[in-house]
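Each chain carries a letter (A, B, C and D) given by its place in the written order, and its residues are counted from 1.
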Amino acid sequence: MVRLAFLGPHATFTEQALRSLPESRGAELVPCAGSPAVLAAVRSGEVDAGCVPIENSVEGAVGAVLDGLVGSPPLVIVREALVAVRFAVMVRAGTATADIRRVGSHPHAVAQTRGWLAAHLPDAEVLLTTSTAEAAAQVARGDLDAAVAAPLAAEQHGLVVAVDDVADNPGAVTRFVLVAPPGPPPAPTGHDRTTFAATTRNQPGSLLGLLTELAVRGIDLTRIESRPIKDRHAEYWFHIDCTGHVADPAMGEALAALHRRCDEVRFLGSFPRAGTGVPPTGTTDPAAPLGAATGTAFAAAQAWLDALRAGSVA
Amino acid sequence: MVRLAFLGPHATFTEQALRSLPESRGAELVPCAGSPAVLAAVRSGEVDAGCVPIENSVEGAVGAVLDGLVGSPPLVIVREALVAVRFAVMVRAGTATADIRRVGSHPHAVAQTRGWLAAHLPDAEVLLTTSTAEAAAQVARGDLDAAVAAPLAAEQHGLVVAVDDVADNPGAVTRFVLVAPPGPPPAPTGHDRTTFAATTRNQPGSLLGLLTELAVRGIDLTRIESRPIKDRHAEYWFHIDCTGHVADPAMGEALAALHRRCDEVRFLGSFPRAGTGVPPTGTTDPAAPLGAATGTAFAAAQAWLDALRAGSVA
Amino acid sequence: MVRLAFLGPHATFTEQALRSLPESRGAELVPCAGSPAVLAAVRSGEVDAGCVPIENSVEGAVGAVLDGLVGSPPLVIVREALVAVRFAVMVRAGTATADIRRVGSHPHAVAQTRGWLAAHLPDAEVLLTTSTAEAAAQVARGDLDAAVAAPLAAEQHGLVVAVDDVADNPGAVTRFVLVAPPGPPPAPTGHDRTTFAATTRNQPGSLLGLLTELAVRGIDLTRIESRPIKDRHAEYWFHIDCTGHVADPAMGEALAALHRRCDEVRFLGSFPRAGTGVPPTGTTDPAAPLGAATGTAFAAAQAWLDALRAGSVA
Amino acid sequence: MVRLAFLGPHATFTEQALRSLPESRGAELVPCAGSPAVLAAVRSGEVDAGCVPIENSVEGAVGAVLDGLVGSPPLVIVREALVAVRFAVMVRAGTATADIRRVGSHPHAVAQTRGWLAAHLPDAEVLLTTSTAEAAAQVARGDLDAAVAAPLAAEQHGLVVAVDDVADNPGAVTRFVLVAPPGPPPAPTGHDRTTFAATTRNQPGSLLGLLTELAVRGIDLTRIESRPIKDRHAEYWFHIDCTGHVADPAMGEALAALHRRCDEVRFLGSFPRAGTGVPPTGTTDPAAPLGAATGTAFAAAQAWLDALRAGSVA
């Protein structure tokens, strides 16, 4: 049976994300204490793949995920999921809102519902827990009166939702990824994302040069983050998401260019983009004509070059 | 009396960072539950300034800090501190290592000491807490046998350090910042950092253009991070640290250029760089001659331009 | 009396250009043998200013003009004129087309009327002269039967136009400039051109860096030419025309940036653009918002920066 | 017999350049009146190839050559030659310097020897001719007393060199090219030059984008010139020389990129660089590591990419 790890405990937003993926059907879902533990379980072969948050997480594990992805042996992302972050206040059946004295949640979830808590539970004591699901578990055990957590947590812990949608800024979305040992990437869908990390000698212009390699080939950047390299003083991994698939000519040429330019490039996967979630922002060369980065334009340019080399100038 | 908030509880790495700053002498230090609470306390005027982690934190609050800094009303960074992350295993006096059955820590600290725990406490149950200091507090109360935390936590909770320096990768450093309401920035020291966030229309080349404004003026980038803007679909804040001070001609010209180019620029402070901690990596234009970004070069260029405009061509 | 030199002899396209400028009214027009002689006459003070072709000339002097402009002492361009290159075949009164046995012109004019000559005067011998006007003079003297020259030449040498508009590609335009010793530039008109030459250390990226300084400040490039520096091995002057005036904030900042970056920058004048002749092509940063390079945007950005430096963050 | 055209008449610097090429041995050398005539002779098949000046010419034909190269049908450069421009004053045997009353030369040659003429022949009348060789011919015919021309002209016209090396700035070099109908390019030598012309939509950033395609692939630019397109208003051909051969992976990838980006790219040949004449200046991306543009680096990057696509992440 396929085994899939996730950032636990049960009933976190990460489990919710994992359950939204086709890979989870019929699989055994294994909660791990922390994103690093998820990655370790995949690396050791204990599980087949693992689900962790990678952007804007409620449960605050993103830096650890990025640092973990560039460890050894290599891992690649094979799928992503977007989860709308929807917080509910959940209680044991029979608890009235007026009776809530002690409410618990993860610090990041408390931060995102601070306004609601101040307005509606001004007298309740707010206690921090290591995850939103842990708060729900403590409600079920009777240690807390209420939890701010994902609706899934109510279901799994036999609680009832007292108030739904209590986020101060509704509409937040967290992105999760399913990581696995290297293998042939999922087939291109025409709507893909590629993730990689790169490090360059600590010299002037290195980041600008790296981004220019993407821009001139029409590659859009959708996320960038610099992370200090743990054991090398003053060096950085640049973590980058962009649109396209390693099988595309434009992306292939760009990755090959980075391989020549950078000290190290870690390919972290090409996979279908989830939803319209996080559209391109970033680097595409704005002076290039529309369509210059398409496969058709690459094929036509290659045919022209082949003719030049053979002596047929047109 | 000056009141300074910090990411609590007492004895976190953040308190350790705050205590290393001259501003903390004689001040009242106020722990807050989460970085957002620290920023809120500064904004409300409840405290004069507040200390939060901003890069590579053990306690995982960095994304929340970045998102919080661009909120309203404006805040600016006035100081930074680098803290070497040193984990100790601490117990009540009299507990032998062999007696440790239950050890607790924050998930990120557990991740960074996983190897040591597996090798030296293979049979202990590892429990997650909301902060490393909370783990120490639970040891003091007798709920746990040992905590993995900052040495300061042992001191504050009356524990003893059983084993020091248990990080798997020694040498990690976390950067903390002291934020305050806007005011004249600290005087330039010649060794300063400037932090800002900028957002641009979601169009091709916007990030490359933004970085080029820094590069051509000889400004080195030391950190970059894209953060989705919470309530605007598919738009990003780019959080950027770079070397130099808003009072420098090069930095002033670069910020003014970004003001013209970007939808919004949030100046987040100019302040002395701590240690040699995180030297420049990034964007400086490598084709520019050495010294082109100095104040002297700017003054000479301005004098030449003034002469041109007056008709004295040299 | 104002004395103005021009690339002679009388009746060249250069004289025609000079006569189109307001400066020529009431001035004494002095023909010189070659563009270098024109520049020398201005430098020596023998004349007040001089007119030479600078782009796409029929009489082929452009390289010499560019090389001459960067000589010493400095010269600046104060005006430009566009002249539609219109070739006429001119003869002595009474000469029938069928009687033309020997037709003369400057080699470049011959090149531009080759098709017409082959079709209509297939049996005539084509002789080369040092200028189109010299060909007309030789017709007047009886040494040639016909000349291909500017219509002005017919007028000045008492010839008649046998056939007008004989260029193979009608519509060619040549650009001429009036150069003078340095002085306050003509007032900005909102529709100006600035010309300069720059040389940089012979190192990677130097040209790209130079053009980027223009692009980020919204300066459009309308002409670029590299010219080997005569007595320095393997070094180049880059001759550049761009839109805007040295009095504009954007252009001023860009020139100051080049002064910091380049080995040497020679400012060669800001002056009104003639006609709509040669609109911008070139470097403006396409990712910058519209209007970012206007004086208003510069003033607003400066006000914002002044506030930042004073501690008023908005 | 191979027939080679050149910018005549006999004894110009162009003939001197052509005679320095191996292709001229045993070939019939055909003088043409003007560079356009040379190109027309090659296009019509009347000759096998033709030699014209392309940079810094004494005889002022460069703009016409550039404009002619982008005409139809296509032509390519197959060879280049550098000629040190050495001017001699030549007379009929028996003429003493003191007897020189009338001295002739091409206007550009006069410009480059103006100082010498003023110092040593202050009283001589200077007459302009359509080429330096034509001046020598007129001396031979007795129409002039002396000519300033290439030493070859003395030899061909039976004159004697009265004074050699009379250039005001000795050391000038002119570059000539041999052009032919398209065919397989000369084999790469490791020390090659590639020439092309490109035009792009008249939009912001187009030139910067074009140069960036070269820079990111480590291609050095050695010449750039914008030329207005004759019959299209306000559009330009950018004429560019750079180091490398179309058979090199870096150059091939760059040309293919320009084919995608530009409205039109005219490949004008890859051929061995002459001498060390005009070393690279220009665009190579200065942030790229040394060696990133070599064939070895391209092969290694391609192998890595092939592995990624097959699922073997390293």
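Please note the rule applied: a contact is a pair of C-beta atoms (placed from the backbone, for glycine too) under 8 Å apart; a residue touches a chain by one contact, two chains touch by 3 or more.
Chain identities (UniProt): A, B, C, D = Prephenate dehydratase.
Only a predicted model underlies this, so the values are computations on that prediction, with no experimental measurement involved.
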Interface sides of chain C (Prephenate dehydratase) and chain D (Prephenate dehydratase): same vs different residues, half threshold: same
Chain pair with more C-beta contacts, B-D versus B-C: B-C
Whole-Å gap between the CA centroids of chain B (Prephenate dehydratase) and chain D (Prephenate dehydratase): 57
Euclidean distance of C-alpha centroids - chain C (Prephenate dehydratase) vs chain D (Prephenate dehydratase), Å: 22
Chain C (Prephenate dehydratase) residues counted as touching two or more neighbouring chains: 200, 203-206, 208, 212, 285-287
Complex contact set, residues of chain A (Prephenate dehydratase) against chain B (Prephenate dehydratase): 33-37, 40, 55-57, 60-64, 68, 106-108, 110-111, 114, 126, 128-131, 134, 169, 171-173, 200, 202-208, 211-212, 215, 220-221, 223-228, 230-231, 233-236, 238, 276-287
Complex contact set, residues of chain D (Prephenate dehydratase) against chain A (Prephenate dehydratase): 74, 76, 182-185, 200-201, 203-206, 208-209, 212-213, 215-217, 246-247, 252-253, 255-257, 259-261, 267, 285-289, 292-293, 297-298, 300-302, 304-305, 308-314
Residues on chain C (Prephenate dehydratase) engaged by chain A (Prephenate dehydratase) in the complex (per definition of touch): 286-287
